[in-house]
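What follows is chain A paired twice: with chain B in the first complex and chain C in the second.
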Partner chain A sequence: MDKTTTEVTYEKVKIIVANTEFEVPSNLTIMKAFEYLGWRLDRGVGCRGGFCGACSTIYRLKGDHKLYTGLACATKVEDGMIVAQIPISPANKKLYDIESLKAVPNTMLEFYPEIARCISCNTCTKACPMDIEVMDYVQAALRGDIALAATLSFDCIMCGLCATRCPAEITQFNVGVLARRLYGRYIQPEYKQMTKRVKEIEKGKYDAELEKLMKTDKKGLAKLYAERVREKA
Partner chain B sequence: MVNDPYPDYMRESIKIVEKTREKRLKVTMDHCSPDEIDDVLNNYHPDFIKAQKASLRFGVSKGEVVPLEVAKIIETKSVLDPKKVDLNKIDFVVDLLIIGGGGAGANAALWAIKNGVKAENILIATKLRMGDSNTTMAQGGIQAAVREVDSPAIHYLDAIGGGHYENDPPLTRRLVRDAPLLLQWYEKLGMMFDKFDDGTMDAIHGGGTSRKRMHFAKDFTGAEIMKTLRDEVFNKEIPIIEFSPAVELIKDDKGQVAGAVLLNLDSKEYITVKAKATVVTTGGFGRLHIQGFPTSNHYGATFDGCVMGYRAGAPLKLMKSVQYHPTGAAFPEQIVGLLVTEKVRGKGAQVLNKNGEQFCFPLETRDVEASLIIRECGGRNNGLVTPSGQPGLWLDSPLIDQIHGEGTIAKNFAAMVRQFERFGVNMIEDPILIYPTLHYQNGGLAIDENTATAVKNLYAAGEVCGGTHGSNRLMGNSLLEISVFGRAAGITTAKSIPKVSLGKLTLDHITKYNALCDEHKVKNPPSPILFPDYSRQEHKDRIIPTNFLV
Partner chain C sequence: MTEKIAYYPGCTAKSYAKYMDLTAREVMKKFDIELVELTRWTCCGTFFGLAEDNLTSQLAPMRNMIRTREDGFTDLTTTCSMCYNTLKRANILIQNDEEKASRLNAFMYEEEDYEGDVRVWHLLELLLEKVDIAGIAKKIVNPLKGLKVAPYYGCTLLRPKEVTIDKNPEKPTILSDLIFALGAEAVETPYMTECCGSYLTVKDKHLVADRTNRIIGSAARREADLLVVSCPLCQFNLDRRQKEARELNSALPEIPVVYFTQLMALALGVDVKELGFHEHYVDPTPVLRKRKLLGTPMKVPVKVKK
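And now, the complex of A and B:
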């Protein structure tokens, strides 16, 4: 129901936000725990389904020195969890006109020379809530392997957690989007039938047929609809 | 099993599902007949429950039938006190104001530029961040009649029949005719659609399609579209104002729309924008939780655009109709309501009751499929109920790997697999529990095929509009809608802007609307609501107003 209360009672756990302890039911995500506390969110909240990267969160667990990263909408609270959110990841995105770019090995380095500073520490990969091999795609970009950088980074939701943790100060998510656009534009072959269809449409090939359907009454349309033959799956 | 996420009684039912799998593999149920469709919709679709509807009592669409939750936020005063806004001081003077930073808004901005509007004369105002939208969340795909065996006319017929002939023909025509143009543009922008080695885009069926025309980028189609469009919006250096939702439209003394009042969520002050053309691309109303349903929608989907448009005199249409996606997650509790893309059924997963039986064709149109699922649970008592009280049926996801080979689910449904895995459910090995979830606003602001509303200088594109899909939208036609009509809005406004001459700015329409509310003794809280409220009453009762801190 996307509501924070349910009929079941779950045991409570303590989470810590800015040195203050709060008791929340153990079944909640971090985001729903905040709402359970009565907070009406307007930062660090977005799609609530792990697709938008708005709710980047860092946390530590009880008795554990490690700093963990996750999405508040997709991470369950744990007892003793110390939580902070990073709703925005500052970045200087490079500007380009996709039409004037070339999918050549050097393009990535030209726009984001800092990828050469990668020390292969793999912290970005460990930080990624989407389990992407971030370091591998940065390394691929560095080698000029645009196709690999594009495919490896495909699931990126641009939450910026990788960039927040990177000692080389790379904004991996911007490197990824450039790689994907180069790949989609220049390396994946063009869909020829689509080019053909667009020309047909521009020449008005289907206009008369569409016009006729628009003028068909409901009964006529229902008949045509019922007579359709579904293409085999 | 160690740490089984499913409680014992659900595991028992899964064992039955596993036992019947081999037998079911090659058995597909027949489509419902037109009579059966009428019957199941009338008896089980939430839209047909009369007690859940109201007729609007005043305003430009007086008499329009709407869900109770919608009536509550339309028939009420504005959050904005018009007397407190100084329209002599304008913060932004632009040619084009776009309200909403999703796919439709981004398309409108980019196509306006392509048609001669200068980037610096545009302003995109958005409630959260640029790109935060339902577009980002759309997984399954985008329809376009591209293949040789397909045509825009066949697409039109699928959409019109699926929409129960209530579609607005010129809108549906524009949707299907422009579809290949937009898909090609996306290809040129460098979006990574699933393609074969020769460049041919992969295409599959969705519910109600008679040709395979669903094109996709794994199960991240909307995210791929939005990430690329946003990148392009940044590249063009289009001014954006984030965390600043519009709260009301501004008009002029000639009755034209002339911009909007925004709310700065940090300082809580208002911001005035004067614009020669205003495009509303605020999306739908999933977060109103119509009839208490969970939703697949973005946090910001709160109907703001329709509320503002309505107060400014733009009619609404088809508001009676709501889309419930047949397969929202019903378990585990943390992800209840989130979308399980239709593509899962497109690839062969069957919908089963607790006895491991199929009971319908798995790819009926969404309204029919959702109704059949509700009937199987509530009407026939063949569903399961989770520990938190959520009913559900099985979606037999492991079938996909059995049909297409091991690894298919992992490769095609990475987002979905991860979603469930985070909470311990492995959809490659176990079926997943689903139930219909509130997914899409079929109705909305009435527009013509060039996105113009009935009010001068006010345009709208995307889910905020009604008519394109009739009373039921097909899968893949909403990513298409934000594309086609976002583009149309950009082209239309680029043409209209040079001809616009604005008069004296006013918020009189709000004052008048508020007076109408007094006349009808309205008691609802003011709107637009901007965000859903998930806090509990025990907190609300203790709140100290903090205006003195601002």
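And now, the complex of A and C:
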């Protein structure tokens, strides 16, 4: 063995997957434990960094009545854990042309009338692996506060765990998407510099320069890069 | 010094009844009371759940009490009669039923326990308690002289008796007192405490149109210029459903329906453009103009404290 590495052995824990008990090292995430067991993951796996929301997982712990939710890539295994992955979350997803919508209270209710069924039980918030105040943004959508719904739901990774736990059968994450789209298209203040720059690009202000760059060889590009104007620190 | 009080606007006050919300804030400012909107709030529950064994309907109102405590308040006020009724009744349940309160607290384990220590006020109640009728009358700069106003209470301000804002729910006078304080004349009708038809407006608008016909007709027979309400649903039914009511009774005259906060704001000198009259089905401006109440408010000397 290489002298520069030290082998650390972790104690094993038992996890239960599909009614079968397996032994895995205790330092692994649920996802790594599955791979440790030799399974190739085709579904319910994505970025492995807690950002894509593909690996939503539900589990129970020994002696605990609660049904826990989490991302397989960001949740450590525990002894006695009973695990099930949710490959997809069947969602109520509405199609709309954002250009034909209006940022008015009724738009939220028109596409997702079920938000009016929210009983403020907060189960969605408890299920969220991103610690988003899900119930608060559904409630904001219900009262037509699109800006608040958009802001509160911003960190959503669309894992769908809220929707699987909701007793009112709301598809929270798609409600959030609609709120953010309406906010982006109609409510958010215009970023004037960007509008100006887009116009400049459309008028071809940078065309000549780009053309020149496209014709420059690798050596020339390296030289340009080395001599580029830097912002003063 | 400005007194601060926790304020629960309610969903409708944030959308279709936004001028009830805006005028309420303006009106209270005139009396040195700031309505501080709860930092976080949910639906009030819409109506009080009567099923003894279904506590889920109490989660929404109770959560708003928890938010009130979180924001450091012990008093919560709202302008919407419906929200008031739901919040107040849920609060009474929590205060009087220890077993249900503990079950609700257990369900909401992620929140601080709530012990029922918030007092729920309807804004009218709060005005009478903190400012009183004489105090209101003192601040009037645009007395609504010659205006005949029919008070309309509906159900949720008065029933059940545990939550009534008037000592006498069978024959309330709070709104009439307010109307007189604003310099107008109150025209009471036998329908003022009847139901407007409430949510049936969604399922059977003609049933509501029938109620609207009776309520508006009764006010018209007493020559009322407008109706004053405190509930967005009553406002909607009595205002919008006049269209369907006129199909039942073509002789029904148009009578505008306004919130008490709008009427107060008008009398307190708030610019008429900020009252939201343009959002009404029956526009109140013609009758107000006829009574010469839309002119520039009289200038009053501003008292400067030395």
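By definition in this document, the second predicted complex is superposed on the first by the 203 of 233 C-alpha atoms of A that agree within 3 Å, B and C clash if a C-alpha of one lies under 4 Å from a C-alpha of the other, contacts with A are read in each partner's own complex, and residues count from 1 in each chain.
Everything that follows uses one rule, which is that a residue touches a chain if its C-beta (ideal position, glycine included) is under 8 Å from a C-beta of that chain, and two chains touch if they have at least 3 such contacts.
Quick caveat, the model's predicted, so the values are computed rather than measured.
Undergrad: May I ask you to decide whether A:Asn122 touches chain B, chain C, both, or neither, giving the answer as first, second, both or neither?
TA: After superposition on chain A, A:Asn122 lies in contact with chain C alone.
Undergrad: Using the superposition on chain A described above, determine whether A:Ser26 touches chain B (first), chain C (second), both, or neither.
TA: neither
Undergrad: Have a look at where A:Asp145 lands relative to chain B and chain C in the superposition and call it first, second, both or neither.
TA: The second partner, chain C, only.
Undergrad: Taking the superposition as given, does A:Met130 touch the first partner, chain B, the second, chain C, both, or neither?
TA: Only chain B; A:Met130 stays clear of chain C.
Undergrad: Counting residues of chain A in contact, which comes out ahead: chain B or chain C?
TA: Between chain B and chain C, B touches the greater number of residues in chain A.
Undergrad: What residues of chain B sit close enough to touch chain A in their complex?
TA: 34, 128-129, 131-132, 134, 136-137, 144-149, 151-154, 156-158, 160-161, 165, 169-170, 173, 176-178, 180-181, 183-184, 187-193, 195, 197-201, 204-205, 209-212, 217-218, 220, 222-224, 227-228, 231-232, 234-235, 237, 243, 265, 289, 292, 294-296, 298-300, 333-339, 346, 348, 387-390, 414-415, 418-419, 422-423, 531, 533-536, 539-540
Undergrad: Give every residue of chain A touching chain C within the complex, in rising order.
TA: So the residues of chain A in touch with chain C come to 105-106, 118-122, 125-126, 133, 135-136, 139, 142-145, 167.
Undergrad: In their shared complex, at which residues does chain A touch chain B?
TA: Residues 1-8, 27-29, 32, 35-43, 45-52, 54, 74-76, 88, 93, 95-98, 130-131, 150, 154-158, 177, 180-186, 188-195, 197-198, 201-202, 206-207, 209-210, 213-214, 218, 221-222, 224-226, 228-231, 233.
Undergrad: Taking the touch rule as given, give the residues of chain C at its contact with chain A in the complex, in rising order.
TA: Checking each residue of chain C against chain A gives 10-12, 14-16, 40-43, 45, 56-57, 59-60, 63, 107-108, 110.
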